[in-house]
Each structure stands twice: as structure tokens, then as C-alpha cells.
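Note that the chains are named A, B and C in the order they appear, and that numbering of residues resets to 1 at the start of each chain.
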Amino acid sequence: MTALRNIAIVGFAQLPIVARDEHRMATEMLYPAIRRALADCGVERDDIDYQIAGSTDYMDGRPFGFVAALDVMGSWPARQDLHLEMDAAFCAYYAWVRMQAGECDTALVAAHGKLSEGEPNRVLNLQLDPYYHAAIGLDAASTAALQASAYMARTGTTDRRLAEIAARNRTAGARNSDAQVRAPASADELQHTPWLVEPLRSGYVPPVGETATCLILAAEGKAEKFCDRPVWIHGVDHRTEMQTLGARDLSRSASTQLAAQKAFAMADLARAGDVDVVELSAATPAEELILCDALGLDTHADRPVINPSGGPLCGNPIMMTGGIRLGETFRQLAGRAVGREVHGAARGIAHATQGHCLQHNIVWVVGSERRWS
Amino acid sequence: MKRPVAVVGVGQTHHTSRRSDVSIPGLVREAVDRALLDAGLEHKDIDAVIIGKAPDMLEGIAQPEQFLAGALGAHLKPLLRVHTAGSVGASTALTAVTHVASGLYDRVLTVAFEKQSEGNAMWALSPNMPFTPPLVAGAGGFFAPYCRAYITKTKCPPHIGPVTAVNARANGALNEYAHLREPVTLDDVMSSPMLWDPIRFGETCPSSDGAIAMILSSADQAKKGPHKPAWVKSGYSYAEAMWVPGRDQVSPAAGRICAKAVYDKAGITDPWKQIDTAEIYVPFAWFEAMWLENLGFCDVGEGWKIIDRGEQKLGAHLPINPSGGVLCTNPIGASGMIRLGEAALQVMGRAGAHQVEGAKTALGHAYGGGAQYFAMWIVSSEE
Amino acid sequence: MSEPPKDPVKYVDSAVYLPYNYVAGDYKARYLAALKDKRIIGSKCSKTAKVFVPPLVCSPESFAPCDTFVDVADRGVVTTFCIVNIPVIGRDLEIPYVAASVALDGAAISIFALIQECKPADVRMGMRVEAVWKPDGERQGDHEDIQYFRPTGEPDAPQASYINRL
């Protein structure tokens, strides 16, 4: 594999995830996140070559809702810019591609959205094929339940197992001051929560929450000035699958498996188990298990630590969740995961997803050392 | 760009007000299949898919790229969805260019579409914005005051908008893919209802269903293709904030900055002389004069004179929108890519009846938002 | 289950119902509340002292916070406008009407406003206008507290003073 440019994550800022911020619009939440990320890097807005943002009109309840974000991103003078109707983790990917093309050396990746303003579940129903899936009223909870059901049927995974995974995430989230859900909960407690859509209990899924995030990426040569411990990108790949639920093996994530294979090859990572930290965009414990299978992770092992942030179960601001996984992995490796550090973390995996039943997945491999010399 | 990028295939649908014969996947596939055929490639040859479209409310499906992934041949491939308002089609193509330029991808399919007949376009574009008094219906209401400002500042005569529209429609008549294919007369336009003074109905773009796809590839791949490719000499997308005090909304700085970047990279020092034809985003006729200035084809205040002298007609010095442009065809999400694709077709010598003789260098341009987003490329017949 | 269709099913109707409850944000809320008192407030850029109406949290130009509030006048200049002949969904305005960009005295950016009490053909760039408020007791602290703007009768502002403030 030919040597690529060493690019690092050098900054990450987010507001704490809350159920609803009554005082600020989405762009007003984004502004402090951007200022903070730049300040943490010790740079000015003009030191950043490229900006890219992620959000969705439907979640915003405003067509062209993202246009207003230009006004809080420092878009004057005019900047080289892009907006994707996708999670921040995918925006970060394109920023990385741009840097590989030599088009920029630094990038600001912003994401915003006030999920509390609408009913995300209704929007997620509209994300499905309008003829069959949406028409029968499937929403995110029901499609996730279908997937959980398929997984449990194939593997014999029990309700208890799901409760244990949820409890582990809740314990971790309790140490994360940015998480929305910060009260630990035991497997017993969670296993006694009512069914949301069987086999998923209400304790196994996140509440609706919102925040704003900003990641800063920089290429070798700049990264060292922006951050004392840059987190270098070793490998990354993303793949989607066709949406049709009945046409996929929902008990597996073929796209995650393929993306991981490619990302690991680029990273020269023999197996997922060789890293210290893994942050997965798993909105349910079943998703976590499916993703671990796809990555080749043993979910009973202590290392790597999975979702030391508490994961999406403790805060799932749609369009930002994936970016936060990347940001949390950065925090761990850069020594900034206050109160929840995974000691000696030197390599990590971050994952993000889009669409129902893990339709589209991106896998990042990062490390404290440069990948290419 | 780390390495050269070529356009090796272009495919578009026959744009019209309502494609009732195909579903959204069908519409998109029509363009994709034509582009693949054009490039002599198959789905299995494609490394990634980059898709763009305007607000999802236009068709009522949230993030429709997910629903379309299978139809796009994107199963188990990377897929990205771009949305930069009106310029989206163009910024989407540029995103694909960067993928190839990076060396990470050799053949990238890029698609842009809108099937706005399936929703209510007026509602999708101008719903009640929270905490803001609703004042105008449609984009025209937003832009009309700036057209008025241009007319006042430059003393542009009242026939320029109508002449632009007449010319666009004459070109559209030569473009088999255009939505509006009947020529109109000056009288037709001038007697059409005034929608948002100074913009008349006859000076306004239609609402269309349509899709366009292109295949961008590495030089190695381009040399294997059945046709001579178009080479992407440069391409950039810029955006600026809206509420900057004193922001020039008639000739936005972002447009001038983007054009300069695109020209500098392509070695263009005199656009009027060195560019053979340009496909520029003109949804309301008055913008043609405004963009001619913004794009540096002439000095400030001189844009309308180019039109008055007929220098932008097919066969004249700098044919503008030989395809008929947005005034003849406007599937919102696709329009930006249609501009870039038509520019490519011109330098490939494959624009059929609306071919500009001997076109070697062409500009493709799009804008969006409150004239904040600009995405453009220069393509050439030479590597 | 009734008879299956004889012709192929061509269209599927899907009515979308999506409720949204938007947060105004403290800045907008403050602006709206002040309208009740016939005050128009803006926020001032901490770096350039330029005033934005309605108030913005951050200056789009300087990127600095706008953390103080100031009053601006309820009168200003029509910088540009258009005459609208298309009805707006959900509002009953008599057509044709004038939608204008109004630069209020003291504000660095313009607001969009309705111009009434004159013939559309009489509106011009540079025309001085003033807000017409709802009467005392009827104002609610929302954007309808200003009904529209009307000409003041003052001499037009010179082109140079507004042509770059569109």
C-alpha cells in the first residue's frame, strides 16, 4: 500500500448533549463549539483552510437549514466549503480525502441539529422507501427491533445479554460530563424497563438529544502546532448497502465488515482486538454486538474498551453521533478524556453509521504514532 | 489536485415537468445507465458514488440516497450525499473530482437529480420559517430586489431580461434533453405576467423532473474510454456568510473569489478571450448579465451590454448557456451538475445541435443559497 | 379487501405530517419581546461595534461574539425591493404588494419588510420609511407587532448611502 499523507485529528469540542436547549438555536449552539475547538488548538479561524458541515434539513425542520450555519462558521471572507446531508464522521472523511488530494492542510468539521424541535422518529420513517417500508409505519425503533430480532434468532443472544451491554454503556456514560444520560443503571434495572418494540426495551435505546460539535483535522506539518498529542489517522473506509431490509442479512453488517477490512489494511492493523479503545455508533446493544462481530471483536474481553464515552445509548444527537465517536477516540488518545480515560490508549477505532439497520458504515483507525514515515 | 481528472461519461434524462413514467430510482438510473454506457463502463467498475440533490422535502423522502443506494449500484461501495442548496449539482461533481484527484479512487460515479413533481415544490422551498414574517413565495421573491438593484446601478434597459430569456429558449430548442423546447418571442416574454417585479414569468425557470450523471476518472482510465474525455483543469466550491454588513448581493464576493481560484488554477488570465463557452446558472433572466460581471467576463456595469450586442448567443463570441440553461430546465438538485456536464460535453465535441464550434475550454458554474454558495469548473479538450 | 386494480398502480399518495416546535433562542426572544414595547433591538459586535437586527449571537463578518444589545430606530431606508404578484401560502396579503429590504437607522444589515400606504409604483430605492406598529394593548411581542412600513415623506437618501447596504 502506497504511503498516504499523515493527517491527524487535532481538536474536538462539543456542547454537553441535552434533551433540549431552550436558550439557543442550532447555529447558536454551534458557534461556541467552533470557538472552543479553535481556542483549544490555539489558532484563529483564518488558520483553517477548509470547512465542511453535516446536518439534515428534515431533522432541522427547515429546508436549507444548514445555510444559516455559514454565518457562525466564520465564512467571511468566502471559504472553500461543503455541506453533506450526513453525519459529521462522513464530513471528516471527505476533509481527509481533500487533504490526500493536497487541496488543503487543515479542516474544520462542524455538525449541528436540534433534534428536540421535531419528532425524529417521524423523520426516520420518511427515510425509508416510500412504497413499502415507510407506508407500513416502520420507524427507527421498529427497524432496530427487526435487526435485533434477527441477530438474537441467529446467535441465541438473550435479553439479559442486551441488558448487560446497555448497563456497561450506562456505567461509562456516568463518567462522561458531555453525555445526556449520566445516571448508571444495572442490567437488572434495564432488563425491567418496558418493551419499546420487542425485543428492544426502552432502557436499551437512547433518548432524543441535541448538541453541536466541531472537529479540527490537520496534516503533518501543521498538526504538531495545533495539538500536543495529535491523533493520527491510520486507515479509514466506508461502505453502504442497499436499503431494502428484506434483501439484507440484518443479523450481520456486511458493509461494516468490508469497511473494516479496508480500513485495517490501510492501517496495517491485524485485528480490531489490537487497539485499546473502540467507539461504536451503536444505538442499541444489538447493534453493538453486530458491529463487534463485523469488526472481529470479542465482546467479553476487557480490552479494547468499548464505548468508554457511554456511546450513543447515553447521548445520540443524530448527525453528530458519529463525529462524537471520532472525537471521543481523539480525546482518549490525546489524554483529554477527563474522568474516563483508558490508560495507555495508543490506538483506537471509531465507527459511524447512517440509515436504518446499520445501512451505511464508516470505520476509522487512529493512533498516537504516525502511520507513514 | 494530485493527479489529472477526466470526465469520461455523461448521461442525462429528458427533463420535463413530470416524469410519470418512472419512479425516482428509475429516473436516476436512466441518467446513470446512460453515463455508464457513454463511458464504456459497468457498475462493477465504479469505485464510489457521490450524489447530490436539493432539500429532501421536494420529494418527501428524508435522505433519499439511502433509499436509492441499491439503484445507484452503490451496494458495498462508498457513497456520499452532498447538499449545498442550488449549487449542489456542481459541488457534488467537484466532490467526485477530488475523490479521483486524491489517488484513492479511479472511477467515480456522480449523480444529481430532482423529481420535484412528486412533492409540492413551492411548499418545500418556502415554508413558514420560524420567527420570521413570511413575505415572499419562492426564490424569485428573494432575488428580485437584487435584480432591481443591478438594473438601477447599471442603468440596464428593460429589454435585457426578456432578450436573455428569448436567447435561452432558442438554445433550448436545439437541446434534445431540455425541458422547455419551444422558442419564445420578445413579445411573449414582455407580455407575460410580472411575478416579482422586475422578474416576469417568461424570465423564470420552469420546475422540472430530471437527473444527470457523470463518470470522473483517472487519466489511465480516460485513455481506455471510447470517447475523447473532457479534462478538469480546475474546480472549486466556496461559500460566504449571509448577513455580512454591506455584502454585495448583486456581485457576491464568493462568486468572484471562486472564479478567480478556478481561473488561476486553469491558467486563465482573460476569461473573455480564453473561454470558448460557459454554462452558468441563470434561474431568472437578469442573472445572466449579473454573472457575466461576477465571473470577470467584463467590467462592472458592462454585463448587460454583452447581451445587448448579442455576443452571448450561439455562434457569437462567447455563447452562454448553449444548452438553454436553467431557464429551460430546472430540476433543482440536478441543475448545477447539468451546467458542469454540458460544459464537458462542449469540449468533448458532443453537444449535438447546440455544439459550440471548436469549443476547447468551457466554464461550468452554479450558485445557491442567498447567492452564497458558488461551485465552478473549467474543462478542456486538452489534458 | 376490494377488487384489485385493473390498471397498473401508478401513483401512491403519501401525506406527510411533521410537527415542529422551534426554539427562538434567547436573542430572538429578546428581540420579539421588545417589539411589544415598540423597541427594535439589535446585538452589537464586540469587535467592530456594528449592530445586527434581528440580533445575532456572532458577527458573520468578524466572527466575534455580539454580546451587547442596543436599540435601533424604527425607521430607515428602502435599499431595494420587488413588487410581488404571487400569494404567500398562509397569509392573506392583497396583491400586488411591495416586499422591501429596509436598512434601519443604526443597523448594519437590512430586514425584509412589507411596504404599504402607498402605491407599489411609487416605491423607490432610497425611500425613507417608518414602522407602523399595532396599537398599544394589541402588541403581543411577535413579529406582527410591526404591521408594515410606510413612507415618511422625508427626502430620499442619496444612492451612495444605501447602494452598498442592500
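To be clear about the criterion, contacts are C-beta pairs under 8 Å (C-beta built on N, C-alpha and C of every residue); 3 or more make two chains touch, one makes a residue touch a chain.
Quick caveat: nothing in here was measured; it's all calculated off a predicted structure.
Each of A-C and B-C has its own count of C-beta contacts, and the greater count is at B-C. When chain centres are taken as C-alpha averages, the shortest distance to the whole-protein C-alpha average belongs to B. Between the Cα centres of chain B and chain C there is a gap of 30 Å.
Chain centres here are Cα means. That of chain A falls 38 Å from that of chain C. Counting partner chains per residue, chain B has residues 60, 127, 130, 241-244 touching two or more of them. For chain A, the set of residues that touch two or more other chains comprises 58, 70-71, 75-76, 123, 126, 130, 134. Counting partner chains per residue, chain C shows two or more touched chains at residues 14, 16, 20, 22, 24, 28, 56, 60-61. Residues of chain A touching chain C in their complex: 20-25, 27-28, 31, 45, 58, 61, 70-72, 74-76, 114, 116-119, 122-123, 126, 130-131, 134-135.
Those residues of chain B that touch chain A in the complex are listed here as 1-2, 55-57, 60-63, 65-67, 69-70, 74-85, 91, 95, 98-99, 101-104, 124-125, 127, 129-130, 236-244, 252-254, 257-258, 369-370, 372-374. Residues of chain A that touch chain B in their complex: 2, 56-58, 62-64, 66-68, 70-71, 73, 75-86, 90, 93-94, 97-98, 100-103, 123-124, 126-130, 134, 237-244, 247, 254-255, 258, 354-356, 359-360.
Chain B makes touch with chain C in their complex at residues 20, 60, 122-123, 126-128, 130-138, 140-141, 144-149, 152-153, 193-199, 241-250. Interface residues of chain C facing chain B in the complex, by the touch rule stated above, are 10-11, 14, 16, 20, 22, 24, 28, 32, 50, 52, 56, 60-61, 79-91, 96, 99-101, 108-109, 112-114, 120, 125, 143-144, 163-166.
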